[in-house]
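Next, two complexes with subunit A in common: one pairs it with subunit B, the other with subunit C.
What follows is the complex of A and B.
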């Protein structure tokens, strides 16, 4: 039984407010995949291809127009009481803007625990210390504000926040694109370590095919909202079927001078 | 002959937290028609150095260079206005964000015309002809239509072509491209690089390509300078430097990115340096890489000089060349 499976997810946005001439932009044109515990699905494609829209749908921040989403075989789009927060969480590209600058790390990390209402104050502090250590920070860090941390440390804090309620799936939308390569490698290593320890499943959105190849089990290639290709990374990368995938792979193999 | 020769270029900024040295004694030379690369992580001083060379630093910046010659002229001994004219006539620069470098409220044509008027003059119809010709030379073949359009009507890749057209208007001897493809999708990136190299050949321009992506440099440049915290830490011929880095930082930059096309075992960890780039207002004592460097020892509290080793310049007490000797 897969942990998460998406079936023909579709989404359009209204792009004109004229009631006589309604125009819609189809952003997702039928996306399907399955994901097992401890697995990573990479989602790749150019900007505007619909990756972030898919991510928002996967964490319940947005409703698709059509399609189904199963979590452990439960049809969660039909379930009004599905606890999204406890099962799927998101990490964003820019840790500088995704953390509240006026809240200490403690406040940021405690918020999901308070909302879930399962732990008392003492247990919450314990959980925070435990998760900070898990992401390579120390419990003293909890008293500080986001601006006192480097970009890489802030991304660790964002990962800690996502882990507070022990989710099964993390949706990471370009989590290392804004970081320097030497720091990017630390965060990727951390994600690998957490996956091994916690059996996390990742949906990993990235435009860096080198990272995707290193880090993922499956890959979904998107182009203008279309699912161009989906399969195991080795297979898709060694025997791409769609012409768009071939073009993308060629471009990512590093720049080759024309002449 | 050297087109541009710079020695001990430094740029300081006075900030609330004291003076920072964004570019620290950089030595650099570019020959006519040569392509050189500058690589480094964000905040290492690449853009400030580029702006300094292009004469575009804000007045608040303090710049000095022991030697600064352009096309055989000593810029240090010129008046400010002569120096500025010499630079604007010979050096052009394009930036990472083409769409925000252009003025959103003016048409492409107007912005191109402004530059042409400044450099070449001519009457209205001559300038228009020249604008069409420039747009055509950067691969914009529906020039007449694009001339009337605004930046927001063009894609990022097209706007970068427009920026290149504007940069070419003065027929520069040196074009500085500051991360020209970083903000673009991969498929567009290679088109822009192809264009830059083609124009370099056609106009016999020198090109200074600033990037944080090694894979671009290996195909395009003859020489590379690696920057860290405002300093050049290693420079040399591109092929040699990439195939055998001497500086631990160069090695780390190369090894911390997984290379596309390689098969990795699931769960393999990436090489990385601990910590992150130090802020310029709070640099470590001695070697700036010291606290993050796996090879550092006591001697590294002394600042290393940039030293010539086997045709390369390296700023390290313990360059990584042992294996070669044995």
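What follows is the complex of A and C.
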């Protein structure tokens, strides 16, 4: 049984406010995939291909126009009271902007726990210390403000926030592309380690094909909102079917080696 | 705000020389205003008809009885300035407090409105903002009649749109940031989002606006007094004092210079304090 499955997700935005000449831009033109527990689905494509819109739909920040989204066999788009934030969490691209500059790490990490309302103050502090340790930080760090941390540490904090409520799915929107190359590997290794420990399923949005090949089980190639290709990583990378995927792979190879 | 971050902010503030200068001057002004009635040598309205236009003490013709000299009716300037400080600060405080309360509430409310209503409210504020504040205040007083209470209403009305504008633009700027989206995805509702996450981030902008409004209000009240639309003689008010002594600037310059200096120093110190607060409250500067 897949943990999460999307069926023909469509989304368009109104691009003109003129009531006589309404124009729409189709951002997602029917995206489908399935994701099993503990697996990683990579979503690749160039800027403007609709990757981030898909990510926002998957965490409940936006509603698609059409399509279905099943989480543990429940159609969650029909369920008005589905607690998205307890099941699917997002890691943003840039931790410098995704952490509230005027909140301590404690306040930031406490937010989802307060909203879920299951723990008392003491239990919340315990949970925060536990998760901070899980992402490689110390519990003393909770008293500090985001600007006192390095980029890599901040992304660890963002990951900790995503883990607070023990979600099943984590949507990571280019989680390392805003970081120094030297810490990118550390964060990726942390994500892999957490996946093994907690049986997390990742939707990993990226344009680093080398990383995708190394890191994921399935891959979804998007181009202008269209689903160009979807399948197991080995198959897509060794026998790409669509011309766009072939182009993408070539471009990536040319960039990597200049021999 | 935690005590730790407050300590950091205080540390930054106390190392800011111009802010400390402003604080000291402002503290002296406030102290003078508070204890004015007890240290003033004379009644501010009492006329010593034998000693009209006595120069200040440091002048060769100065008199020990009148430290800062007297005006054309023989009233003691020091006493009038002290009582004027009391009046000006009290009025400014009331005006800014009411204007800020209404303006911030309105500005925050727009965050809950639909885009159409919000833009309607904001266009109305733009309309008010497009008029020079003093001109608008004069127009309002001209309609509702001169006098101190009406001048206060006028200055309040003039100040409100600035608070609405600052609050609304600060909120809408913050709402588009990633950390707000993150908090939304943490399950925070709109009220919680606004008060727990956005509000602490817009406080510095509002504090700067507050200090700016303090000086605007002080100047506008004085200007209305100067034009004869605000405080009426014989009330000891700095702007009114300026206008009363206008005719004597040639041969008794202290009658105009001293109240003018009082206005200048007070406004300057408020602005310096505002700048210092803005720098101190920005956590990115706390190293």
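Note that the second predicted complex is superposed on the first by the 254 of 259 C-alpha atoms of A that agree within 3 Å, B and C clash if a C-alpha of one lies under 4 Å from a C-alpha of the other, contacts with A are read in each partner's own complex, and residues count from 1 in each chain.
Methods note: contacts are C-beta pairs under 8 Å (C-beta built on N, C-alpha and C of every residue); 3 or more make two chains touch, one makes a residue touch a chain.
Source: prediction; values computed, not measured.
Enquirer: Under the superposition described at the top, does placing subunit B and subunit C together on subunit A give a clash or a fit?
Expert: Verdict on subunit A: subunit B and subunit C fit.
Enquirer: What is the C-alpha-centre angle with subunit A at the apex and subunit B, subunit C at the ends, nearest 10 degrees?
Expert: Roughly 80 degrees separate the directions to subunit B and subunit C.
Enquirer: Figure out whether A:247 sits in contact with subunit B (first) or subunit C (second), or with both, or with neither.
Expert: After superposition on chain A, A:247 lies in contact with subunit B alone.
Enquirer: Return first, second, both or neither, reflecting whether A:51 touches subunit B, subunit C, both chains, or no partner chain.
Expert: Once the two structures are laid over each other on A, A:51 reaches no partner at all.
Enquirer: Please determine whether it is subunit B or subunit C that touches the greater number of subunit A residues.
Expert: B
Enquirer: Pick one for A:151: touches subunit B only (first), subunit C only (second), both, or neither.
Expert: first
Enquirer: Can A:102 be said to touch subunit B (first), subunit C (second), both, or neither?
Expert: After superposing on A, A:102 lies in contact with subunit C but is clear of subunit B.
Enquirer: Can A:141 be said to touch subunit B (first), subunit C (second), both, or neither?
Expert: It touches nothing on subunit B or subunit C.
Enquirer: In whole Å, what is the nearest CA distance you get between subunit B and subunit C after the fit?
Expert: Minimum C-alpha separation, subunit B to subunit C, in the superposed model is 9 Å.
Enquirer: Identify the residues of subunit A that lie in both the subunit B contact region and the subunit C contact region.
Expert: none
Enquirer: Please give the residue numbers of subunit B that touch subunit A in the complex, ascending.
Expert: These residues of subunit B touch subunit A: 41-42, 185-187, 189-190, 193-194, 197-198, 212, 215-216, 218-220, 252-253, 256-264, 266-274, 276-277, 292.
Enquirer: Quick check: in the complex, which residue numbers of subunit A touch subunit C?
Expert: 59-61, 83-86, 89-90, 92, 94, 97-104, 111-112, 115-116, 143, 145, 147, 158, 161
Enquirer: Residues of subunit A touching subunit B in their complex?
Expert: Against subunit B, the touching part of subunit A is residues 46-47, 150-153, 180-186, 188-189, 192, 196, 207, 209-211, 213-215, 217, 234, 247-248, 251-258.
Enquirer: Please name which positions on subunit C make contact with subunit A in the complex.
Expert: 2, 4-5, 177-179, 181-188, 192, 197, 200-201, 283-284, 286
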